[in-house]
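Read from first to last, the chains carry the letters A, B, C, D and E; within each, the first residue is number 1.
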Amino acid sequence: MTTAPTSTSKVAADASGGSLRFYGVWLLGIAALIVLPMIFSSGGSLTSFSLIGIAIVFALSYNILLGQTGLLSFGHAVHYGLGGFAACHMMNAVVSHGWPIPLPFIPLFGGLGGLVFAVIIGWVMTKRAGTVFAMISLGIGELVASSSLILRSVFGGESGITTDRTALPKMLGWSFGPQLQVYYLIAFWLVLSAIAMYALTRTPLGRISNAVRDNPERVQFIGYDPHVVRYLAFCFAGFFAGVAGGLAAINFEIANSAYLGAIQSGLVLFSTFIGGTAYFFGPILGAILVTYLQLGLTNLTGVWQLYFGIIFIGIVMFSPGGIAGLLMMHRPLIRAGTLWTVIPSYLVAIVPTVALACGVILTIETVARFSGGDPINLFGIAFNPTSPVTWIAAAVLVVGGFFVARLTWRRIADAWDRAATVARDRGYLA
Amino acid sequence: MLEVRDLHAYYGKSHILQGVDLDVAAGEVVSLLGRNGVGRSTTVKAIMGEVAPQGTIRFKGKDIAGLPSYKIARLGLGYVPEHRDIFPSLTVRQNLLLGIKDTRRPGKWRLQDMLDMFPNLAARADTAAGVLSGGEKQMLTTCRTLMGDPDLIMIDEPTEGLAPLIVQQVGDLIARIAEAGVAILLVEQKLSIAMRISKRVYIMGHGRVVFEGTPDDLKANAAVRQEWLEV
Amino acid sequence: EDTIKIGYIDPLSGGGASVGEGGLKTFQYLADEINAKGGILGHKVEILPLDNKTNPQESLVQAQKAIDAGAHYITQGNGSSVAAALEDFVTKNNTRNPGKEVLYFNYAAVDPSLTNEKCSFWHFRWDASSDIKMEALTNYMKDVPSIKKVYLINQDYSFGQSVRSDARKMLGAKRPDVQIVGDELHPLLKVTDFSPYIAKIKASGADSVVTGNWGQDFALLLKAAADAGLKVNWYTYYAGGAGGPTAIKQTGLDHQVFQITEGFPNSGNQTAMDFEKAFRAKVNLSLWYPRAVNEMRMFKAAAEKANSIDPVKVAAALEDMKFDVLDGGQGFMRKDDHQFFQPIYVSSFGKLAANEPFDEEGTGWGWHLVSRVDTPQAMVSTTCKMVRP
Amino acid sequence: MSAAIEVRAVEKRFGNVSIIRDLNLTVAKGERHAIIGPNGAGKSTTFNLISGHIKPTSGEVRLNGDVISGLRPFEINRRGLSRSFQVTNVFARMTVWENVRCAVLWATGHRYAFWKNVDSLPEVRERTAQILDDIHLTHRRDVPAGLLTYAEQRELEIGITIASGATVVMLDEPTAGMSHAETDRAVSLIRRLTEGKTLVIVEHDMSVVFGLADRISVLVYGHIIASGTPEEIRRDPKVKEAYLGEEAH
Amino acid sequence: MLELVVISTLNGVLFGMLLFLLSSGLTVIFSMMGVLNFAHASFYMLGAFFGFQLTKWIGFWPALVLAPLLVGAIGMAVERYGLRNTHKHGHVAELLLTFGLAFAIEEIVSMIWGKSPLDYRVPALLDFPAFTIFSTNYPAYKIFMLAVSVVIFVALLVVLKRTRVGLIVQAALTHPHMVGHLGHNVGRVFMAVFGVGSALAGLAGVIAGPALVTQSDMAASLGPILFVVIVFGGLGSLPGAFIASLVIGLVQTFAVALDGSLASAFGPLDPSAGPSVLTDIWNVTIAQVAPIVPYLLLVIILIVRPMGLMGTRES
């Protein structure tokens, strides 16, 4: 499942095995979604999986804009949030009117919520791309988020509106009270939306979106109106963001103005970019990582925001193609059979790099806990933040780790160059 | 003035320049000829530091290999690249002014001289350079580099995409520059101009210089022309 | 033996962080105090800090995390919007997961609806709800003849709105002659410059301002007032919060800023003052939340009374429980709505008298008793229809 | 029968400069028409005016008899006019195959379809493959266009232009920057691909112009000073003076 | 009424100038380098905290000079070791880098100075009312802020006109190599521009710190409005940013001053209708919507005139 530009000559040979592998990847993904909760069944992991599922749908929808069409939006959460509100209102309406609509259909209404807004606002917004679009989306995002606090009857003010997912008509005997059932509902919609969004990339519209991203001017001369293309992409992105919002509403049973706000918009931009916009599965990885960090880091350290920042800076600087880009870099090497020449240099690099990371962590935690005096627990070793021993350890790790690590990074680069040359010679790399 | 010895350069792992030697004396006009893709542009880029050079490059006796390009330029080496890197959002005038390295020391060439020389540019002085016609862009880049008052100017394919008449004009311009005492390293495909104005020519093939001599030598040597210039 | 984990769900980052940190330190201090005396029924108490970024939805994620970590109790205070979401969450959680109930101890979210139409058996509130406070505040104000023109300025969310509507209603009833010359709602924690609002207050000719503003919304409001030289009396809920005292001192409003609370440092009650002293020595903060002390101590008492740390039994024991509060006097947890009733104080901020040892934020000024309302007078009715398990 | 392109009294001003003045040009159906002229004469601007990239200040342009001035580029393209650019203008991050296929999609009627799989549209696939074959880039089909060599990009540029099957094709300096051999190849390519179509071409390379064109128009300062067969143009003294110089072949 | 108008005008101008002080550095960076610097407000915060700390150690006036220099140095380091490497990967990458930076800076600041507001006071020298109008005081410090803003505006205008830095940076955005070939040290120019922009943010922090709250969340609360100012004013236009600051300051102040709502203009709606979007809209006062007015202005201007008020280019 990739839209990657691949090798030159070996493509035809792969084609027959390709479709098998293609369906294999999808089936594997679905199977994983089904068995995951059986392996990790604690309440905590179920909640995490559910949130990750929602984040994936949201990030994929964002990539329709950023990765596929080249539109940088600072207000994508508007559709997510409106989807959430639409779903909440719909659930409440279903309950109060006694409509026979079971819960699994609700995300569709979330999607419609996101879509309707996109349809209304999108035409003027997508007139232009680039900074103008980005800034309009910032403005619209703030406008909608602030208005949601004023239009209390629809958005419920600061506290938002709540709903009860179990009050809807049952389906297949499921009440959707237990988190497990909600997880499967989310997983179901995740698969559905992912397939739909993947399919979208394979349609004429999807391809033309790519063309608009690369060169909107030229698109006009092959018969397309880039404005229409951007608008349609915007609507699709809005719809799937709304689906994600609807899923969130089901999961939390609440929708409030924070759904719509800049923080959500920023997070989805983060997830998508960090995962990698050039590949379909990039945003999936990004959503998993970011959600996981968000949930996990706060447990480990009080200064999680600092790590969050550092990790992002690191990824942006050292892997601008995102995680997916980093992974896909290796594909030609695997095909050319030269990956094994790089692995040893990776292994060598791990030790000093980890040492460096530990040193940084130790330094940060030492500073952070200096006044509190709580011990730092790093891989089972306790450090006292007020003791000079800790400081020296941190300094040695950082400085020593850095210098040794730098040498090993060079080694990686060299090994890479060699492997890539071979891959190029064998026609697996352009 | 410019002395290049055993110059090597790579794009990634491909070895493009495999030991280029060439010299340009002060005030001299020298052409660097050769087929497409033999590495002529790469040679000048390596001299300017845009491509990492290996080997010796001396300019006015100073080793400039590996210096950042702004330092090389400040030594008095001008470079007009082949893709007409004009600054599209700036006006023609602003483009020209950016050629001046130090506003406190006026050079030989004034803004007005340039505009006089090319009425086309004068008429467009205050329009954004991005809308210039292909030919106008070429004139602009050359003039811009001249504004920096170089002692040696390296021009990469100045006549590409120019109308025949303008090609002649550019030829005249180059001759004028040479008259003003500026040395020129001309990278060209069109033999006619090169032959007309240069004192010496180099021909490149396979990443190294394969022929060196005067235009007359070259005229006399049909075999070289046949093998290295496909004419 | 198991530790009792209490999920502390409040902002530890973003705009509310300063308030949330203060609360966290308070609860950790109280947990240490209980642990030092052997814990609750032999169980140690542990506070799990969980950052909700003042966001209702994030609070639910954090509540779930608390539950997953084995907490049967959560506590929260900063923001009624969060409280409403949490109350709803625990109620649903407890009906869906019988045997795994969670109690929610609310120490500062004072929107009355939390113990009225939204009330829940699983929610207990130790802070006086905003209408109780307004009742007490207006009882004091009605006897101040110099109050003629009142300006209301509040944050635009459920709590601010209830302050505003209660003030209108109660002032109207108790002092019909007082004129409300302005009634302002501004966005929560978003305004950076209050000068335009001060200009309006000034133009209205008000002599008193009533505000429920907290956090930076209070500090900035007073700062702008100070700059413009606005001299009025301030009747507030949270002037004592972070930044407030500094701003008042800068304004030079000596004993012109009033605050309504369930306790304050210079209350004169010896045990409370001893506690304050020890607390300041250890935490380097003044005690903003005397109610947190009541909450934790009463929790211990209830568990001991029920002889169990099972939330359902503790909840039952808490209902109608009487308790001697930190600042003196007796309070009780009303069974009908799980609202705690206790004596309430109006205090003013200014130069300290000889018997008032505590100043605030190093300003040299501190809180001074103005009036005290005893428990029976600080009661309001409820519309709660409690659903019991 | 109406002409393929008719430009009538078109004027184009930028600010207060008239770049195109009283331009009249008629290109008959099936004709190969070259426009030559000094740099800055307005050749590319003429292309822009005809293809809808910019709008004339006054005057009108007709395509197959219908007025098209004022229409947007994609509307004009849908009526069967297609153009290339002087500066290479391809979809850099997409592969060669995708580049050409995108250009095929509208003409094959798939438009903005989001319910069809592009990979399973046989006529699109065949046509794309055909064009790649024509422009000799089949072996490079999976390379991102941005990584092609300059000459290959120029060829791709031509491929994209003809992919829609337009009946009127306009090429702006298609061989600029190519070597002799490459130029020769490009010329025969253009000749083959525009068989039976109307072609308008701008070139500075006189061998290309005289080798390809049925008729030539000479544009100087935004005005056509001469129009005729290659022979007539070659002999025209005005043209010699304004454009060809001594170097005329 | 006259009183309210006069005072609101004054307040609006003062607030507008504060906005300009804050956004001038961002304009310089954004318009010249095209970098959407989300960490700008964080530099502003750093300025405030450095200002606070240095004031404690060496007094306000030295701090006023030193703190911006420090922030400028940090900015230069960020450009040199971060942005410069990211530049080739496009604006989104640059933006995310500054995004991450904003996160990190906020946490570092609260690690060092805590999360509570600091007691950062107006220097004694300026702690008096400059003048009184309609019995409202105007503190000398605010007048000082206004003066600084105007000085910065004029200074920037002159510097940008006089030097070719602007041209060099703009040219380098499209063809950095070419600019180097012309003899300009592009790296240093970029670093300097970013440094100056950051230093301006730092200066704004030192000055605005005592006037507003100095707290670890002060960056987050001011970020977006700064983008509104510079985009509304028009990218690349310093006068535009200046005017936009004034317009937004005035509009917002006057919006607060106005009590009107549809209900007060046309009478209340039929109460039997119950709450709905309509009643929400009907009853909301102009004062309540004041904070969203800038965003409304932004969206409208971008739709009508994508280059902003005085801008010359779109992006």
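Annotations for the structure displayed:
Everything that follows uses one rule, which is that a contact is a pair of C-beta atoms (placed from the backbone, for glycine too) under 8 Å apart; a residue touches a chain by one contact, two chains touch by 3 or more.
Listed by chain with UniProt protein names: A, E = Branched-chain amino acid ABC transporter permease; B, D = ABC transporter ATP-binding protein.
All of these numbers come straight from a predicted model, not from anything done at the bench.
Under the contact definition, chain C and chain D share the contacting chains A. Looking at the partners of chain C and chain E together, the chains they share are A.
For chain pairs B-E and A-D, the one joined by more C-beta pairs in contact is A-D.
Averaging Cα coordinates per chain places chain A and chain E 31 Å apart. Inter-chain spacing, taken between the CA centroids of chain B and chain C, is 77 Å. Chain centres here are Cα means. That of chain A falls 39 Å from that of chain C.
Shown for chain C are the residues that touch two or more other chains, namely 13, 156, 187.
Counting only residues that touch two or more partner chains, chain D has none. Shown for chain E are the residues in touch with two or more other chains, namely 106-107, 288, 291. Against chain D, in their complex, chain B makes its touches with residues 35-37, 120, 123, 127, 131-136, 138, 160-168, 189, 192, 230-231.
Within the complex formed with chain D, the residues of chain A that make contact are 5-9, 11, 199-200, 202-208, 210-211, 213-215, 217-225, 228-229, 232, 236, 430. Of all the residues in chain D, the ones that touch chain A in their complex are 51-53, 72-74, 77-78, 82-83, 85, 89-95, 98, 101-103, 105-107, 110-119, 121, 139-144, 147, 160-161, 163-164.
Listing the residues of chain B that touch chain E in their complex gives 48, 50, 68-70, 73-74, 78-79, 81, 85-90, 94-95, 97-99, 101, 103, 144-145, 148. Those residues of chain A that touch chain C in the complex are listed here as 42-44, 47, 51, 146, 149, 157-160, 162, 164, 166, 177-178, 248, 252-254, 256, 258-259, 263, 295, 298-299, 302, 305.
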